[in-house]
Amino acid sequence: MDCSAPPAANELDANELDANENGDAMTRQRAFIVELLTAAGLIAAPFILPYLGFTPTTMNRILVWGLFGIGFDILFGFTGLLSFGQSAFFGTGGMVAAYLLTVVNYPNVVSALFIGLIAAGIVGFLVGLIALRRTGIYFAMITVAIAEVFYFVEFNPLSEYTGGENGLPGVPAPVLNLGFTTIHFNTDRTLYVFLAFWFFVGMVIALRIVRSPVGVILSAIRDNPLRASAVGHNVHGYKLTAFVIAAAYAGFAGGLLGVMQGFMPPDAFMFDTSGQLVMQTAIGGAGTLFGPLVGAVVWLYLSDFLQTTLHLGAAWKLVLGLVFVLLVCFLRRGLVGGIKDLYALIAERGVKTREAPGPLPALTPEEEKVTRLAVAKEPAPAAMPALHRKDDDAFSGPILQATGLTKRFGGLVANSAIDFSVARGERRGIIGPNGAGKSTFFKMLTCEMAPSSGRIVFRGSDITGKTVTDVCQLGLTKSYQVNQLFSGLTVRDNVIIAALAELRGKFRLDLFRSVHRIPGLAEQVEHTLALVDLADRADRPVAALAYGEKRRLEVGLALASSPSLLLLDEPLAGMSPAERIEMVKLLKSIGQGRTMIIIDHDMDSLFELVERVTVLQEGRVLVEGTPAEIKGNKAVQEAYLGGVRAA
Amino acid sequence: MSLLEVEGLNSYYEDSHILFDVALNVERHEVVALLGRNGAGKSTTLKSLMGVVTPRTGSIRFDGQEIAGQKSHAIARAGMQLVHEDRRIFGSLNVEDNIILAGLTAPNRWPLERVYAMFPRLKERRGSRGTDLSGGEQQMLAIARALVREPKLLLLDEPFEGLAPVIVQNLLATCRKLADEGQTILVVEQNVSAAMMLADRAYIINNGHIIETHTAQALRDQPEVLHRHLGV
Amino acid sequence: MINWANFISQCFNGLVLGALLALISSGLTIIYGTLGVLNLAHGAMFMLGGYAGWLTFTYTGSFIVAVFAGALFVGLVGVVMERVVIRHFYARPHADQLLVTFGIGIVFVETIRFFFGSLSKAVPPPPPLVGITPLGFMFYPTYRLALLGIVAAALLALYIVLYRSRIGMIVRAGIEDSVMVDSLGIDVYKIFMLVFGIGAMAAGFAGIVNAPVVSIAPDVGEGILVQTFVVVVIGGVGSFPGAILGGLIAGEIISITSMFNPGYAYVMLFVAMTLVLVLRPYGLLGTAGRE
């Protein structure tokens, strides 16, 4: 850290650097450094910032926007939901608090603020139920509409409660009665103390949330909602949680605005407010919790500077708009993100050369064949003990039984009346020529797709029509043909997310618990990493992995929840000959004592791995048997070589 | 000079290495088949030729011009056409519009009547929307779209997949006719017998590597070659 | 007691407003359908059309020239915007696309505010269309009547371009499968530029022809943007018929609600949008797979 830089800015930098590596919650145990530095920064600021041209009012406004932005950052930066409607909750919380304090003459400012927070949270919940029905651009559009609706309602039909275009004047200053003295927070300086205190509280809470299992899962949802759901998490529930948290922060900040100004303005509800929040957060850097604060510093300072010092008048917003566009184009992760990237780049240089794995030797197909035969003769690796194995012994009979499974897409029949049964501990392969319907079949087994007719029974219970999430929780997981990883996180975090679902169920609001304190998690994660041979790469970001390593992680995600039944969809897809051999070895060691179903086209490798093979053709089961039987089966040969006889 | 000369082609799907130093040639007026199991890289090869997938390294010389790395529309204008594996008919347009659209930027486009002469069934269905066509009709339309542009090289990606045997026979006859008229074709197929009825020569690809190449006659004489690489 | 003349008048207003919204939303929806980008600067483009037209009118005195100038100027702005900025965002996450179009919208609005101030400016309707027209039992502003015709003509023109021209065929094919269009020898990036331009032009045209009704100000685009979004959600994203249907529905909802209580117009719109989201998540005429 450069100590010659202005101290306040310096402190903020340190906060960001330590708060999140790559925007996730996996910090080292010196977690409280962030909180301490934040406190230090907040205490030092009023002594330093005025010399840089910050007026007391500006500093107070920065804190309010910063707090407003913490919740928004959890929603946008961490969960990936870009909402343009936060002004609705900002205004709601502010108006409720102001109304209580002015019209109803409710005596206590702080509890009025909390009532405003609760009101905003409830409204957030109801709005979230509607808005979260869709994702992506629909979500963005709906939030814009929400912002406008709230503004209009506040301005017109409810104007007797909200003061319409006049707002609610006369919001009292908070009072703190300490017995021997009473403090009135009614000057800029005292208000600063009040606001800084609540900002600090809000930040501490946010840091806890972000370091909790919920926080980690939110990051997973941002990166890959499909996989987050497939490893057993109730994605919709968590999104709604993030939405409510953002609304609550917004509501409290809105109340603080009223208190700070002594007056609750109607423009809190304006769409401009939402827009300003979005821009500030993007400028500061989303996903850092401090980004909105930094963005507010830039925005409010520049708007002052541009208007008063440069006398640009109304053009200040134009300049800020241009700054915003330029940042979005060229500094994608905002100012804080840019600083972190720079830091990472410098730190990376030492690490990179040490840790890069040696590339696997390039093998020609002939060499591959020879190596494969040699490897196949090696003794099987010692079976790794399974951890937290689900109580397989409670149920006897086939672990999976599908009867009459059919899938139709309009007029096309992809799977037709398939009967399929796998015994516990069996290793089964599924093969078939193109168009056989293998992927569709797999998708039905994992409940990614509902069958048109038929039944699937897993460990004695009917899972037909259930969701992927539920089925994963019951112990059936899949590793995907195309890697579905949480690409913005480290290897360890990826496994943690998968393991969390098993240990906590599909939805739990343990917002204040540190993810490091979940009993059994570290064990489960280390065990899984060892199983897929990624223990020494655990702290690397996914982007830094070689393709073969990513494939192993892909399998690791499916393994992390100790499934009773593991489905592998083309685990060898796109692998070089050398990577193929490594993966076969790995799958053999994983396969010991575990029930697996594997689809792949690499016959040589597949037949090494499985005891029994099901052959599909044109949506039906053609034949089942041992690899040797299948190899010698004439019908199978014909299916592969072409079914067209010259007429 | 061959019409198509491919050397050292390496293609990736994101960071998954699919094609390893693929090399092949296609001479004018010949029909070449690319045979291999699923996942061997057959489709990726055709897509790399057409620019739908951008190869990472390698050279593709088409009619004397280096086209590796160019955008699809430029490659199409150079005279190559790909009939995609999933046909990719414009469902919201009718049959005739699909054909007209295909020919818009082709210097020597086929007149509609010539297309309909080759595919009378399409003429019957000329006003039907793409989504209302059967699988066989869609395949015909996909091929017709490619032919309208009078491509120097026609790439067919699994043209017979998922079609009833009668339709396959029909399509096979049409392709045979095209080949006889001198159309250069590179066909990827898992249905080996159908492919061998068309092809003069075949490459065998496995796990992204070109393994062998044989003439059609040689493969007929030694069926165990196919069994070894394509069978189970 | 309902004043029937008033009611009919409002329904008519709703029709005019609906047609206008349909035109603007069509622009937004074909941009999204083809490029996959939600243009948050669309409202600002509506506003720009009004100002470009007003400026032209101030210098030429001709309303017709003003309309053409307004539409063409915004069309050009759209083309430049796609070429210079949007093109580099196709591979970037959706959030970034939203942020950049949002930012550009702000820049448009603030630029206008900088040059022309915040106060609204009146744009008079062309002389032949000034005043009111008797329509049997009621009187109706002549310009608004003409506006309905003008916008309907514009929608018809858009329809002809989209459904009866070669370029429209390419655009519709591009909405479905832009990779395949490229494979057929058509430079899809050029199509994207054209579509963005057409979409922008629709908004700009609407902006100037509507100016005599509501006058122009830097902030007019904001309300329009919201209404456009509601239309698109109701009608279905990427669907031109959906934009028309959604537009008419939204226009009528706003007008008729305003008759009873203007403040509730937005609330009713929102209720309608929510109903559609719950009952038909992809919009009344939309298709699954377009998110």
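Labels A, B and C are assigned to the chains in the order they are written; within every chain, residues are numbered from 1.
By our rule, a residue touches a chain if its C-beta (ideal position, glycine included) is under 8 Å from a C-beta of that chain, and two chains touch if they have at least 3 such contacts.
Keep in mind that what you see is a predicted model, and the values were worked out from it rather than measured.
> Between A-C and A-B, name the chain pair that shares the greater number of C-beta pairs in contact.
So, comparing the two chain pairs, more contacts are at A-C.
> For which chain is the distance between its Cα centroid and the global protein Cα centroid smallest?
When every chain is reduced to its C-alpha mean, the one closest to the whole-protein mean is A.
> Roughly how many whole angstrom separate the Cα centroids of chain B and chain C?
43
> For chain A versus chain C, what separation do you get between their C-alpha means, in angstrom?
35
> Rounded to the nearest whole Å, what is the centre-to-centre distance of chain A and chain B, using the mean of the C-alpha atoms as each centre?
Result: the chain centres lie 41 Å from each other.
> Which residues of chain C touch chain A in their complex?
These residues of chain C touch chain A: 32, 38, 40, 85, 88, 92, 94-96, 98-100, 102-104, 106-107, 110-111, 113-114, 117-118, 222-223, 225-226, 229-230, 232-233, 237, 261-267, 269-270, 273-274, 277-278, 281, 291.
> Using the touch definition up top, name the residues of chain A that touch chain B in the complex.
Those in contact with chain B are residues 364-365, 412, 431, 433-435, 482-483, 546-547, 550, 570, 573-577, 580, 600-603, 630-631, 633, 636-637, 640-647.
> Can you name the residues of chain C that touch chain B in the complex?
For chain C paired with chain B, touching residues are 166, 169-170, 172-173, 175-177, 179-188.
> Write out the stretch or stretches of chain B touching chain C in their complex.
So the residues of chain B in touch with chain C come to 50, 52, 71-73, 76-77, 81-82, 84, 88, 90-93, 97, 100-102, 104-106, 145, 149.
> Within their complex, state which residues of chain A touch chain C.
76, 80, 82, 84, 130, 133-138, 140-142, 144-149, 152-153, 155-157, 271, 275, 278-279, 282, 314-315, 317-318, 321-322, 324-325, 328-329, 332
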